[in-house]
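This is the structure, below, for whatever I ask next.
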Amino acid sequence: MSAVLPNNAPPAMQESPGLWTLAWRRLLNDRVGMVCLAIVATYLAMMLASYAGIVARDWNKEKGVSYANPSFMAGAENLEAREVTNKDFGSKAKPVDLSDIDPLAPRYKEWEERAAKIAVTEVKRAETLPFGGDKWGRDVLEKAIKGSEVSIFVGLTAALFATLIGTVLGAMAGYWGGRVNDFLEWFYNIFTSIPYILLILAFAAVFKRGLDTIIVILALTGWTGIYRLVRAEYIKHCGREYVKAAQAIGASHLSRMFVHILPNASHVILVQLSQHVVSFIKAEVILSFLGLGVPVDMVSWGTMLAEAQNELVIGKWWQLFAAGASMAILVTAFSMLTDSLRDALDPKLK
Amino acid sequence: MTAYVIRRMWQMIPTLAGVILLIFFLFNWVGGDPAQVLAGKISNPEQIANIRKQLGVDQPYWYQLWVFVQQVFTFDFGRSWSTNEEVSRILLTRVGPTLTIMVPVLLIETVLAVVFAIMVAYVRGSLTDRTIMVICTTAMSISFLVYIIFGQWLFGFILGWFPVQGWSESYWRNLTTYAPLPIMLAIFVGLAPQLRLYRSFFLEEINQDYVRTARAKGLPEKKVMMKHVLRNALIPILTNVGIYLPSVFVGSFLLEVFFSIPGLGREIVTAVNRSDFPVIKAVTVYLAMLTMIVNLLVDVMYKLVDPRVSFK
Amino acid sequence: MATEQNLLQVRDLRVTFRIDRHTSFEAVKGVSFDIPTHRTVALVGESGSGKSVTAMSILGLLPENATIPAASRILYGSEDLLKATPERLQAIRGKDISVIFQEPMTSLNPVFPVGEQIGEVLRLHMGMSPKAAAARAVELLSEVGIPDPQLRVRSFPHEMSGGQQQRVMIAMAIACEPKLLIADEPTTALDVTIQKQILELVARLQERHHMSVLFITHDLGVVGEIADRVVVMQNGEIQEQGAVKDIFERPQHPYTKALLECRPRLDRRPMRLPVIDDFMKGGGAANYDERPRGVKESDAVILEARALNKTFFLKEGLFGKRAVTAVKDVNFRLAKGKTLGLVGESGSGKTTVGLTLMRLHDATSGEVLFEGKNLLSLSDREMMAYRRRIQIIFQNPYASLNPRFTVGNILTEPMKIHGIGRDQKERVDMAFQLLARVGLPESSFYKYPHEFSGGQRQRIAIARCLTMKPDVLICDESVSALDVSVQAQVLNLLQDLQDEYGLSYIFISHDLAVVKYISDEIMVMNQGEIVEIANADEIYLNPGQEYTRKLLASIPKGWDATRAAA
């Protein structure tokens, strides 16, 4: 080990595997983790395909009869189809006039026009659809795909923003301490002293409905947990000797915050990001269900579940199943992937 | 101890001020002109001016803030914009049903989660443990909505064990007839994540040195778990319950909406849908205050569980 | 001695740890030794020697991923403990065989009073009533030398000092009059004066209760003081075992010889410390000539601290703050090219002094003069020029290198910051030269810190400092976390660098022997104040203060021929 060794071995010019490479190798060895990663990747690919219009472009088309049966139970009777058709769902009469308190009132006209356009292109309606139809005869499978696109997009984007806010604030509080920390802790205390769900609803109350606002709402209310963890990580690492050594060699504050400490806290941030995607997907579903989420002319798992609520009673289970299952599969895979990530990134292995 | 409590109360003042500012910022600034919202389609400028005057939003911001602060400390938020009911009355009458559901949920869920978690931690690494963990992860992934829709349909419509929805004037009848199904569903949904979390608390403690000491003393494994590990794991469990405690008052608004329970949660959702700002503002401010007090109580209770905590 | 009976016989013990599905690691490879009744057996070895694993196998306290083959036996009387049922083991643990551990703070349950934790054993094994157990706990606390035992039974572990916590552990261990006490590095986490007290306590109790003791330690000095028999382990194997006299006076195995010689001694100061390779290759130590040490009045001063103070503030009460003085009125001079040793126990403020000198902490008041310039009054920009001239090497080699940087990054970063070297290529060349200088292969440049051992990491940390060509190097417990043999290598490296570059060192350590070896001048600190400063030899031969004498007296002396006679 002493001074004899050098110079006789030619230097291997390749970098050794870093901690990221090692973590990736550990993940590759984790069979459950890889299966989950594959599932998540499939969903993401589906989301992109749907966004690009390759699949489920016509989700809003009324292709089948009302509550069309799934193809695999083609023989079953479909009473509602006739009933609804008879009722003439072109009827535009509104049951109650809420327009004086309805914030959406100005847009009704616009939607009516849009609906009218769709109605014109009516074609012959199918008796069965691959996974059944909804009340308007839209393909549930396509709705579920389009719904995944919206739900995953919201979850991912909101989680990215929340992580960004939480990381920057947490890094500042943990690194600088003192006044900066006091101020940010005050800010944190304000946000956490309001029960989370209430905070979301309060934000939802003042913002207009829309895809972008739901992302903003989730990001603005969801950063606190990440902030807390990143702050703790920074406090821990600031006390570590390698950071003191960086200070001793004269590394600047920015360098210490982002070049030295950030990579060492990144595993925590990554796991948090992953967890927040899951919880934001769940939150989006609930908000959309309550009508506080995505606008009515879009579909998400939440709006599907809202419709499914009444369908179950009349025995039309497929929309509930499609939305519930596609969400459950993604969320299970994502959660288990998070666990695998945590194991793979565990820096205890030194 | 007294000094500690006083200092903590003192520290609450800036937080409360921040909460008031945040809510003011949200509803009086971001929220836009409530008169526009209320007047709706008949946007007669005269009417709008009238409503603005009625609501006081024609005043400068500092004056509106002052009114808001007064409202907070006099417990008088005026009347609801949509039902004209007094806000304080709304809060007081809606809390009861929410607590009827949530207190049993919290108690039963915590006890069950602790018991199951210690059992799972005892057989850690075994097939049972791993199976239960996979079931938990999967169970957690299904939306609460699916559980409620399915549960209501199965137990209410198909099996008819419980009424599908409803609420009465009698507390006892509520607790025995209307509450069980929502309580059961809430526990069913809440158990999996808590079980996972508490299991990790137990496992964390099992790896501590003092557990090795307890074994070296010759204590049987069960005693090690039930005495040494449990007692220490109670500390993070208490923190966790403390975090969830305030949301007991918000209640599960989903359950309340589905089962037509006239609780705070449903009230909030209705208020949000109707842009009924006074109700939301009042609920948010008071729940924030309550949260701060609950947090203080939890910290004081810490002393009972953790002798290392000092009130200096 | 020939007639003595064996309490415990370990035969061909092998322990394998399963790391993951594909890999496993054999920590103990066929170990056999005996523990005679009423005797102390010391199990000595460096980290990774398998000594603790061996001891923990006796009571079946190994982690769950450990496996022991059926051929291994640990005989307690005629009973094989490795085949005993869990219930039988539980009956033996704490009653016939008990254990004390290295970290008393974490080994005691934080939420129960110490009296309850002692009483628990008595109720369990002796069938005592809670009342009788509580009363007996008081007696036991008094026996292990805890003042006010009636009061202290109700204390919680965190309300006691480290030494007292270890006494409580001992009280718990001897409560049921065990036949064997296993002491797993019981004094490693304690200050040297406390270590002495605990060692004396264990020896006294062994005598009084006729116990056998299995004492696990890395410190041969301790072994020489307490053991009757010694078992030397290395890499899971026994290298040598025998009576303590034989091991110390006539060591047979080169590893034993090396262990005995690598450790700096208070009475000798060779030019270079012998290192393990010298012995393993068969030869003796290279250069045993004494190195002259000391500072003269005429020596040039490179760094001077004047009236240095550092006070921390803790929040207390309603709005109150409590001041804790960590460093109080410290004055000293560091001569150019010499080493100033800074010794003290934990909490003496020695590390704070080091950090304050470098402005890694802000001093409360005082001056630090570097070539006549007060560093503490410089702006951050002005300080940059001086930063590179004073560098520091920390204690924990596992924490002082950024795990996400390659060694190449670690070495070139300071050169970039200070504009050393014209371009990246020149910096890389310099990094390669420095790696060679500290005795690491060139391939290290591309590796990450986790691929190196503790001693190698300390070399990397030293190389990082050298990139800046500093004048003053502060070594903050830099060799304390290293094994004896590695310690000697790093000390030699530091000495070589001083001889070569004329570096001045401030060497901070709790280990008097190491400080005495490496220093020209020694400064003793206690509770934030300087007790005395004097030339190294003078302090050792002629301590001026009572505290210094106490410190010196507490150092384990190793084998003392007079003990054999007694």
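In order of appearance the chains are A, B and C, and numbering begins at 1 in each one.
Please note the rule applied: a residue touches a chain if its C-beta (ideal position, glycine included) is under 8 Å from a C-beta of that chain, and two chains touch if they have at least 3 such contacts.
Here the structure is a predicted model, which means the values were calculated and not measured.
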| item | value |
| --- | --- |
| Touching both chain B and chain C (chains) | A |
| Pair with more cross-chain C-beta pairs in contact, given A-B and A-C | A-B |
| Interchain centroid distance [CA atoms averaged], chain B/chain C, Å | 50 |
| Rounded Å distance between chain A and chain B, as computed from the means of their C-alpha atoms | 23 |
| Distance between chain centroids, defined by C-alpha means - chain A, chain C (Å) | 50 |
| Sites on chain B at which at least two other chains make contact | none |
| Residue ranges of chain A touching chain C (in the complex, touch as defined) | 1-3, 5-7, 9, 11-19, 240-242, 244-251, 260, 263-264, 347, 349-350 |
| Complex contact set, residues of chain C against chain B | 59, 61, 64, 86-87, 89-95, 98-99, 101, 103, 106-112, 120-121, 124-125, 156, 158, 169, 172, 315-319 |
| Interfacial residue positions of chain A with respect to chain B in the complex | 99-103, 105-106, 186-187, 189-199, 201-207, 278, 282, 285-286, 289-292, 301-302, 305, 308-309, 312-313, 320, 323-324, 327-332, 335-336, 339 |
| Contact footprint of chain A on chain C as seen in their complex | 275, 277, 355, 358, 360, 384, 387-388, 391-392, 394-396, 398-404, 406, 413-414, 417-418, 432, 435-436, 439-443, 445-448, 450-451, 455-456, 461, 464, 468, 489 |
| Residue ranges of chain B in contact with chain C within the complex | 3, 6-7, 10, 125, 208-210, 212-221, 228, 231-232, 235, 305-308, 312 |
